[in-house]
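We call the chains A, B, C, D, E, F, G, H, I, J, K and L, going by the order they appear; numbering starts again at 1 in every chain.
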Amino acid sequence: MGGPDRPRVLVLNGPNLNMLGTREPAIYGTHTLRDVEALVRARAHELGLDVDCFQSNHEGELIDTLHAARGTHAGLVVNAAGLTHTSVVLRDAVAASELPFVEVHITNVHKREPFRHTSLLSDLAQAVIAGAGVRGYAFGLEVLDDLLGPRP
Amino acid sequence: MGGPDRPRVLVLNGPNLNMLGTREPAIYGTHTLRDVEALVRARAHELGLDVDCFQSNHEGELIDTLHAARGTHAGLVVNAAGLTHTSVVLRDAVAASELPFVEVHITNVHKREPFRHTSLLSDLAQAVIAGAGVRGYAFGLEVLDDLLGPRP
Amino acid sequence: MGGPDRPRVLVLNGPNLNMLGTREPAIYGTHTLRDVEALVRARAHELGLDVDCFQSNHEGELIDTLHAARGTHAGLVVNAAGLTHTSVVLRDAVAASELPFVEVHITNVHKREPFRHTSLLSDLAQAVIAGAGVRGYAFGLEVLDDLLGPRP
Amino acid sequence: MGGPDRPRVLVLNGPNLNMLGTREPAIYGTHTLRDVEALVRARAHELGLDVDCFQSNHEGELIDTLHAARGTHAGLVVNAAGLTHTSVVLRDAVAASELPFVEVHITNVHKREPFRHTSLLSDLAQAVIAGAGVRGYAFGLEVLDDLLGPRP
Amino acid sequence: MGGPDRPRVLVLNGPNLNMLGTREPAIYGTHTLRDVEALVRARAHELGLDVDCFQSNHEGELIDTLHAARGTHAGLVVNAAGLTHTSVVLRDAVAASELPFVEVHITNVHKREPFRHTSLLSDLAQAVIAGAGVRGYAFGLEVLDDLLGPRP
Amino acid sequence: MGGPDRPRVLVLNGPNLNMLGTREPAIYGTHTLRDVEALVRARAHELGLDVDCFQSNHEGELIDTLHAARGTHAGLVVNAAGLTHTSVVLRDAVAASELPFVEVHITNVHKREPFRHTSLLSDLAQAVIAGAGVRGYAFGLEVLDDLLGPRP
Amino acid sequence: MGGPDRPRVLVLNGPNLNMLGTREPAIYGTHTLRDVEALVRARAHELGLDVDCFQSNHEGELIDTLHAARGTHAGLVVNAAGLTHTSVVLRDAVAASELPFVEVHITNVHKREPFRHTSLLSDLAQAVIAGAGVRGYAFGLEVLDDLLGPRP
Amino acid sequence: MGGPDRPRVLVLNGPNLNMLGTREPAIYGTHTLRDVEALVRARAHELGLDVDCFQSNHEGELIDTLHAARGTHAGLVVNAAGLTHTSVVLRDAVAASELPFVEVHITNVHKREPFRHTSLLSDLAQAVIAGAGVRGYAFGLEVLDDLLGPRP
Amino acid sequence: MGGPDRPRVLVLNGPNLNMLGTREPAIYGTHTLRDVEALVRARAHELGLDVDCFQSNHEGELIDTLHAARGTHAGLVVNAAGLTHTSVVLRDAVAASELPFVEVHITNVHKREPFRHTSLLSDLAQAVIAGAGVRGYAFGLEVLDDLLGPRP
Amino acid sequence: MGGPDRPRVLVLNGPNLNMLGTREPAIYGTHTLRDVEALVRARAHELGLDVDCFQSNHEGELIDTLHAARGTHAGLVVNAAGLTHTSVVLRDAVAASELPFVEVHITNVHKREPFRHTSLLSDLAQAVIAGAGVRGYAFGLEVLDDLLGPRP
Amino acid sequence: MGGPDRPRVLVLNGPNLNMLGTREPAIYGTHTLRDVEALVRARAHELGLDVDCFQSNHEGELIDTLHAARGTHAGLVVNAAGLTHTSVVLRDAVAASELPFVEVHITNVHKREPFRHTSLLSDLAQAVIAGAGVRGYAFGLEVLDDLLGPRP
Amino acid sequence: MGGPDRPRVLVLNGPNLNMLGTREPAIYGTHTLRDVEALVRARAHELGLDVDCFQSNHEGELIDTLHAARGTHAGLVVNAAGLTHTSVVLRDAVAASELPFVEVHITNVHKREPFRHTSLLSDLAQAVIAGAGVRGYAFGLEVLDDLLGPRP
């Protein structure tokens, strides 16, 4: 899966993350989604991974993308944003992909409203990283890299 | 509603059911959505019913389809998948259709995670069928057929 | 189990179901228990199953009957009525029979009082059918028939 | 129902009430079940009511008796003892009788363990009387007498 | 306490009971508070009890009246209306009177909204009577009469 | 924002509100969405506000529209329908718009099912109006008008 | 009810609202109760309604006033302040008035302490308005005006 | 109580325990009820106790037996099986016997379903023993033997 | 506030505290309210504080008194008795006074019924003192004295 | 206990209280533990009490110290800090000392996180004092002094 | 593990058990910890087991001891006292020892405060014994002896 | 803090982590604590950080160490193991250090028992990392490094 000998990873960003850098910077910081994706690509390159980035405000498109990742990708980094706490169908789509994944949140959700303290993804995830800012995506790639093991 | 003298029924399948037969076959079995729809059509034919099948991963499309069924269809068989447990808007769309419906789940949801034990549809449904596999759709049609009564 | 080459199924009806057709017909319909049992026998005959019907208002007799079914029957259709929601000992008796079973309710219990929304049987059942009226018993037989597989 | 022109009332006593006067007299007093039934008969006589008294430690027998009361009796006084708090099937049997009834407890259940503070009968009852001792049965008869209205 | 040889009982009616007979007669019946008090006086007379009746819409006046009853009365019949479910201070005033009391509700509160299913008085009461209509007050007097024992 | 000297307000209607006037008129009344929008425009005109109306059954489209309103509009009137009770991502999109808003419900949600008694928007809203029918939208505009203060 | 041809409305303000404009202006604003009442009278005049304003810190006086409104007034605007969340007796008094009413809160109670998120009045109200400031009273009058229909 | 100088103990086994050794041996082990009773008798003999063993699937028979034990026996060993968690009437019957008792469970109920983690007997018991297998009955006898004290 | 150079403190006692020394002395001790007030005055004198004492059984009068204390007093000692646990309006009146206050309970409320374990005042109080008997009032004065700081 | 004629009291400070004056002074003030102990000794001296002060961050050492106090001391002032809310073993050690004690918290714990609102000590304490700052220890000594009664 | 051919068992006693016989004898009896350990040794000797006894009031020492038992002992009898209900780290230490263990409580914890009704050890234990007094330790040894099987 | 120009970080490991690599390797992996510390030191060296590692099974020692870190260290990486879920005093000690910290768990605690799903540290942490194995410590150092900013 991925380039000749490079595994391909999907980095999925959920609703409102297109507003990163614009929306409530006191909470979410000043990095834009474009910045996040550049950082992700750079770190993936260092790790010898191919990477696709996808963001949508539409739950259905996120599900379609997860279905398509099955068989073409080797792992997922998922920041499901507010859907983390409410969407059984996104959980089911992640499970349907049958891919290992890391759950990432830019902010420390445990400092925020109580409805952000539960996740419908965490018990399926390989790892969960919250509050590490955009660096959390890089950590997610590293965890997957470990999991995929050495490559020729 | 339906052909000259045949009531038309809508069979609605929610998110991730397009992955049937592929996704976690130990849980969902090896029948594909195509198989389900073939079975539904066959059973509908035997019962003298016309049938439309619709699946989407997009909640909004499911709602649009339910709105359109009002006045053109005579009943619904609904497998809302993970939306069953979370979607008030889908519930409202089913109610807005003002059609009798049967709630169907392929698996026995009561054996699974606690968040699958509540349904926002059940108290509005005519009947609820869980764990009968793809045969549950056929049962749904039979319940509607009974309800629609004898036809000329 | 059952006739020379016919599996035998036990259809168990719990407390108050002897009042079917008499008791609150607006809720439970006008079919009597005798009607239910006739329907069950007819459908079993079509499916090539032998069937025994047993109803009791005494939890202890239901348990004794379940114990006796072990080794002589191949499956159960169980409408435990109000015991569904309260009886651990009936649950244990069903488990002790080590037989596959379908849980049936004539009415849609999800439309009724909250104490009818929990079941001590559902997580052990093959399938759960509620609100399909007396036809629910026939569905139960069909599910068992599927499960028992083709017979010579 | 009842004598030529006298309505017949069933007074039903649940499990352990045969131990009245013997069991924990500090809680239940020194009147025996026989004393209670004598008091009930005397008060019924004064009110122009016929009365049957039945006690059982067997839930199933209580249910059978309630079923039999339908069509032969005009009302019920029910002290379901510990079944009050746990038995959906007894509740259903009382409802199946389609008779007005008064729920009676000898002791003030609200002073006792929390599990005695809920009743599966109260929302169906005409009246609920707790803590009036054996006199509570007489009050139950009077409430039914009122309800049955004047008799020739 | 009371007349030369007659115990005096206080019958306390809480907020809104002045509207009896006027307010929502489908729920509360057509007897007025004046009717209730007449019935109470008649029954007290038969039992050899003196009786005072007091109604107020002001919690503070009910408390003042309970304080004054200490040392002048021998028992209470209390229908605290909606204060039953919310007023710790009324509970404390009843306790401060150090008098035995019967809690009475005209309607069967268990058939009504959930917030009417809890009482801050019941665990202190001698007896609790609900749903017996205005006759409940008479029952309350009889329970107190029993408790006070034979008089010269 | 808005015309030369007129602030522009976005009136957002969520899923199923396209069915207004058609769907369950006993609950939602006979005004159509078109009627609502005409009323909104008329009232906005009187108040010196420009107004855009948007309705969708797709959560993702509502989110996209909220993002676009940031920087072009001065306030929101939001009837999120069933999403009110379930959608964290819609809440986040409203917050991301950084606009003051009024939450409106045509019906009095407090009279309806318990799951309609919680809102994920209310603690962020300027005001909450429920049960005032389509007039609630006009009230929403007036609250925003107040908030925006006098205009040249 | 009211002047020769003008309906009369009662505007009821509960405890502490006499402190408006003085008490915690950051929360409640700088309008005094007198300002509120002037606004109410002005808006009532425009709508062709007669209006009475009453405020008390005494629950009992509020109840007495509600009782008196029955038969003399045509509707209520009720800001029960802190009693909203705790007083069953006020709820019962509002119900006893058998008048349509609008529940108004000056502040958005949903932004405040959790105990302000429940109301014992809302499920009986015609409409509920929170956070619209003193303008909420005017909205309440408009809702009643609509409800009372055109007048000669 | 018991033989000339030997106290008599009743060992009570509840529903489904007749299936011991047969039913789910992975959970309950391979000892039959007959084995248990032989072990009980042997250990009782060693301790100088007389012993009666009774098992029933009928709650009512268990209650009748407990009532009869009052005055004839000196203590109880009770394995109420699934009734442990649900039966208030069995609890009341144990209390009505006014005998000291030890609650025994063959399996460690704390490892099993949550509904097996509560007991209606434990707060009345002398001791509670779970997970010691059939040896738990012997422990129960020893605890009673201690309690009964030295015998001549 | 207070005498020329002495701050004035209001000591507020809620419902039933007029019964101190009379009511349930085993719980509340033998000091009367008069004793409490004498102790308060003596300690205030020592501390150089003026003091007013007020007790009422009427919530409304307590609220009126709190409103009047704003601008004339410098602090409050509040024993709201049973209103502590239930009265949002008293809480709001204390807040409306904008005065620092100490919450005092004569008894250790944590040893008593669960409904006495919550307080609607504690999160606003400077300090909370329970179980120190009448001495708790003196402690309350000392805390306020500290808070008011040195005086000329 | 204590000097020839002076009772000895143990003042116990739990984990992190060694950081007083250093740790988060906005919450805990600027007094150090040394200051607290000096204040305690001064006040004890005035009251005619001997006093020992002990602080530890180790739960085990606190327990050992409590055990040693049995038989040598006459009462305890306990600020268990965060162990208050979580430590059953500390509660048991306090009970094992069989000494009267006052629970003291420097801050008003009711203003802080919800997990600080429950105490495993309060229902055993003589008195509970929170939010009175370091002066709370002095109050604790005074309560014990009262309890110990006059000394020769 | 243990002597040449004798398995070695560790009996671990948690905080406050050093006070046995001294502390609250009405609850815990008059046996001292020394008595318990003597009984344990005697019974171990009879069973052919070596035994080590360890008690500490320090959670950390209990954990260290459990770690050391891994590889040197064959089983554990654990009375964790109050830590049973609160200590995840003790649970983890018991699990880390990878030894079978029996949970013992001298008293019947189910008769005591609600916080003693949950255990963080029970679902990992072989057996749980409560209320059998010091004899419970002997039962614990017997269960382990059974589990270890016959020895040469 | 730290070497001449290198910040010093404390890596704190809680109870049972000394068993890493030995204890339940299927859950915790095969790395020993020594391996973890080597990895931590290596990564710290790369980042230009000085690092101290401390592990203890004694809560009190962890608290002492945290107190000592105040003023000498610049940040913390904390794996509090089972204390994460139960220890208010550890939380308070972390807060008392007034240092930024990252919470690390080797395993994905969200996949494990429910009592591991709550943390008393998370709302104070900079970031929370679970399930990344021993690599989680390195991530923790990187987050702190970011936070400390560039160094000369």
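Convention: a residue touches a chain if its C-beta (ideal position, glycine included) is under 8 Å from a C-beta of that chain, and two chains touch if they have at least 3 such contacts.
This is a predicted model, so every value here is computed, not measured.
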{"item": "Number of steps on the shortest touching-chain route linking chain A and chain L", "value": "1"}
{"item": "Chain J and chain B - chains in contact with each", "value": "none"}
{"item": "Chain pair showing more contacts of the two, B-C and A-F", "value": "B-C"}
{"item": "Counterpart interface for A-L, drawn from J-K, B-C or A-F and sharing over half of its contact pairs", "value": "B-C"}
{"item": "Numbering shared by both copies at the chain K-chain J contact, with half separating same from different", "value": "different"}
{"item": "Intercentroid distance (Cα basis), chain H paired with chain A, Å", "value": "56"}
{"item": "Separation of mean Cα positions, chain D and chain A [Å, integer]", "value": "64"}
{"item": "Separation of mean Cα positions, chain E and chain D [Å, integer]", "value": "24"}
{"item": "In chain A, residues with contacts to at least two other chains", "value": "58-61, 86"}
{"item": "Pairwise chain contacts under the document criterion", "value": "A-B, A-F, A-L, B-C, B-F, C-D, C-H, D-E, D-H, E-G, E-I, F-G, G-I, H-K, I-J, J-K, J-L, K-L"}
{"item": "Footprint of chain D on chain H - complex, ascending", "value": "58-61, 63-64, 67, 70, 86-89, 91-93, 95-96, 98, 120"}
{"item": "Chain E - residues contacting chain D, complex", "value": "108, 110-111, 119, 122-123, 125-133, 135-136, 139, 142-143, 146"}
{"item": "Sites on chain B touched by chain A in the complex", "value": "14-16, 18-19, 22-24, 56-61, 81-83, 85-86, 115-116"}
